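Below, chain A partners chain B and then partners chain C, in two separate complexes.
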Partner chain A sequence: MNPGGILTSLMDGLLIGVVYGIAAMGLTLIWGVMRVINLAHGAIISLGMFGVYLIFTNFGIHPYLALLLVALAGLLFGMLIYYITIARVINAPYLSTLLATFAINMIFIGLGTAVFTTTPRDAGFSLGNVSLGPVTLQGTRLVAALVTLLVTGGLYFFLYRTRPGKFVRAVANNRAAAELMGIPSARILALSFGIGTMLAAIAGGLIATFFSFNILSGDIYQQKSFIIGVLGGLGNPVGALLGGLILGALEGLLPLVMPNTWVPVIEFVLFIVILLVRPSGLLGGKSE
Partner chain B sequence: MNKIASFHPGLWLALAVVAAIGIWPIPAQDAALREVSFTVLIAIVMATSLNVLMGYTGYVSFGHVVFYGLGGYVGMYLLNDYHAPLPLAILAGGAAAGLLAFLLGKAILKLRGAYFALVTIGVNEAMRTFISNFEPFGASTGIALQFSVYGAYGGAKQALWVVYYTIVGLALFGVLASYLIRHSKFGLGLMTIREDEDAAEVMGIVTPNTKTLAFVASAILPGMVGVLFFFKNGNVEPGDAFRLGVSIETLVMIMLGGQGTVMGPILGALGYQRLRGFLLTSPIFKNAQLVVAGILLLLIVLFIPAGAVGWLRQRFAWLRKVLA
Partner chain C sequence: MSILEIKNVTSGYGEVQILWGMNISPEEGKLTCLVGGNGVGKTTLLRTIMGLNRTWQGSITFGGQDITHSPAYAKADLGLVLVPEGRQLFTDMTVQENLEIGATNQRAHGKYQQNLERVFALFPRLKERAVQKAGTLSGGEQQMVAVGRGIMADPRLLMIDELSLGLAPVLTLQLFETLRQLRKEGLTIVLVEQNVQMALAVGDYAYVIAEGKSEMEGPAHKLMNDSHVRETYLGL
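After this line comes the complex of A and B, so read on.
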């Protein structure tokens, strides 16, 4: 294996890793703010994929513009889901929120399968390749990584520099105390769920620009989000980006030394081991 | 036998329901009815056994199917590679599942709440991907039985009935065991853990051991049922053996019927499987089976979290005398 090949594999892995990271960021934000493990995350990722794909292929709108529309739809959709379902079970035992979000997942996947079937789709979109010395990278993946970094920066700015963002952090920190300080916690929870959903939709939309997919594909990325969430610390959105990079690097490099099919075994064993020895995540985060 | 006379009438009702489901296709020797009862009985065993962990102990596992899958694989491996007799394969499947629960239990049961639920998803995926690479178990293609294996049981047709009678027995045993656990000192310990684990510890319950024992108890029957199912099926593949959806469907059945009760998982399993059968065969709902099931689950979670039996027991006090 020549060094150029290794470097290309690593770069490919890192670029896809940041996109995994943004999906995981949505999951971990929702967990951090309201202690809900969103099992509908994968379904939203799938819907994000279909959103960008359908807008691009039907109306010829540029995929990155379509991504903006999908992100906005994701935000509103997430808030709607929150008000209809999550708000009713947010104080119930965690089994209720797990099953409620799973029920939402079943409904979306069921509807999606009936409407779109499970035939693989491909947006057929390309931005050519970029060569840097021995490394050749796909343009779409580079842009996806850039968009992710931009969104992460935006999220960071929102959480630390704006008033609603500070409210989100306050509610995550201590909901009862935040309410006593006059923060409208119900609206903030809905907003947080909406943002989490939006991040999932963006991740799906970005993946649709370079991978083929079907309605069930989101599930794989949901599981990667779990692994990343645990790597970076559940409840720590910025840690999710680092977790994504770690997972991406593993996925880029491990196939060079072992058969491809062993990679998920390593990933899930890693997931279990981290949960057991350090449930707050490698990079720290909120634990019970 | 004072002990037996002191059993709650709800146990006899529960056993009668399971027996009725089991005996239903036997007089007519009707293969189609047998298949219906077979799926319901498997669901009853899965739900009743998971209820020990989830309903009594309060630990929600998304990995129940791991025991079913591993048991199935071990049994199929013995049947195919060593031509082991079926009863031995069933016992080995149950033992393998129990052993896995014992080994995993101490480690993962120290995690509480949603962290435990998450790690069980990880265990299921790790197991599925590992078995997909594990050569002795046929890696991604799995194990397919040679047709001659069924010869020892009077041919394939007769073997199906043998499998069926065994599952009826296992279901009855599972319900009885579920009742006995619930009304034992061990069961009281589990329910104390469910209500307040720290308090349980203070009261002198050795919680790690008690929880591990509950985990093992809930794992053995699924391991045995897995052998029966895949023996009947003729082959086993990683995707079928470790399907996360099966674990979740089992959770749904328990929620539907009422967690923590003996009767709940039985009614939940019966109701869910019959509904699923109806939706799959109905021309209108055929494509929307998942949607209808999802909406139903959502409605239960949002409006009747205690499940059918729990709701009935709360609503009509006299029913507490007949529903265990």
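After this line comes the complex of A and C, so read on.
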């Protein structure tokens, strides 16, 4: 095995890992703010894929411009989902919110299957390859990683430097106290769910620029999001990015030494080991 | 003139009724104490006034406005502010951010700088700790943040639930001194406090709460010297 090949596999893995990271960030943000395990995450990722794909193939709008529209739609759609369903069960035990988001997931998957069938779609979009010494990388993956880093930076700026962002952190930290200080927590929860959904939609949209997909594809990324969330610590956005990189590296390197089908097995063994050994994640973070 | 009027308020948690027709009306510019044993409904009353607990029956008026069923977050805009029991800080956020969030409401937002200076003058320690996470502070410092956050909200009426609970005597004295100073500056305060002696010593007026009702009321020093009140309700 040549070192150039190993390096290319590793880089490929890391680039895709960053995108996993942003999907996980959405899941982990929603958990961190409102203690809801969002099982509709995967379906939203799929819808993000279809969003970019359909806008690109039907209207010829550039995929990255389409991504912007998909992100905005994701934000609004997430807030709508919050008001229609989550808000009604937000104070109920975890199982109620879990089942509510599971129901949303099934509705989207069902509708998506009916409308789009499960035939794989491919945007057929390419930015060519970039060669750095012995390493050759796909342009679309490189851009996807850059977009993700940009979005992560934006999320941090929002949470730590803006008023609504600080409200999100305050509500996450102590909802009753936030109410007492005059923060309408229901609106902040809706916004947070919207942002979580937006991150999922962005992840899906980016993935659609380099992988073929169908309405069921998002589910795989939801599973990865759980592994990443546990790796990095649920409720911790930087941890999500780090977890994504670790998972990406594994996915780049493991296939070099074992059949591809073993990769998820290793990933979920890792998931259980982390849960047993370090349940609060590698970076600490919130756990309950 | 009373700034807050609680009339025949009943409330509780789920099926359990805690308040059985509460009547209190603190006066503007005064420090009003609510005293009474554990579990008589003092905290529940404050939570109900703020809207964290639903009012079952009765009415709550603040500054002439009916606020019986208005949501908790709307109360801060009116100038009704609670420093809750157990501090309830934003422990993952810095001291400065806690104070910032305190100034969220419409009235306080424009007075942020002015009130921040006021808080730092009252608690110089907080200025030193400004960039530290609130959860890493000592109990006394956390209580300072809780009171400071309340002041940042620019209250017309500041309600404090257990100022000295779990604090060392030195800190308790210091916080009561701060309270006295705030009272002197003209702030209207309602105080729930387990240290009855100290509360009645700084208070203008007091209500004795028992079994979810206001059993007795009067000037603070009078209640403190009433042997019947001392024995029956205050365990002194």
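Before moving on, here are some points about what is shown:
Here is the rule we use: the second predicted complex is superposed on the first by the 288 of 288 C-alpha atoms of A that agree within 3 Å, B and C clash if a C-alpha of one lies under 4 Å from a C-alpha of the other, contacts with A are read in each partner's own complex, and residues count from 1 in each chain.
Throughout what follows, a contact is a pair of C-beta atoms (placed from the backbone, for glycine too) under 8 Å apart; a residue touches a chain by one contact, two chains touch by 3 or more.
Everything numeric in this text was worked out from a predicted model, so none of it was measured.
By the touch criterion stated above, A:185 is placed in contact with chain C alone, chain B being left untouched. Shared-chain residue A:261: touches chain B; no touch with chain C.
Touch criterion met: A:169 reaches chain C, while chain B stays clear of it. Look at A:110: by the touch rule set out above, it reaches chain B but stays clear of chain C. Of the two partner chains, chain C is the only one that A:177 touches; chain B does not reach it.
In the superposition on chain A, contact of A:157 is made with neither chain B nor chain C. Ranking chain B and chain C by residues of chain A touched puts B first.
The part of chain A that touches chain B in the complex is made up of residues 35, 37, 85, 88-89, 92, 94-96, 98-100, 102-107, 109-111, 113-114, 223, 226-227, 230, 259, 261-262, 264-265, 268-269, 271-272, 275-276, 279, 288. Against chain C, in their complex, chain A makes its touches with residues 166-167, 169-170, 172-174, 176-185.
Within the complex formed with chain A, the chain C residues making contact are 50-52, 71-77, 81-82, 84, 88-93, 97, 100-102, 104-106, 149, 153. Listed in rising order, the residues of chain B touching chain A in the complex are 54, 60, 107-108, 110-115, 117-119, 121-123, 125-126, 129-130, 132-133, 140, 248, 251-252, 255, 287-295, 297-298, 301-302, 305.
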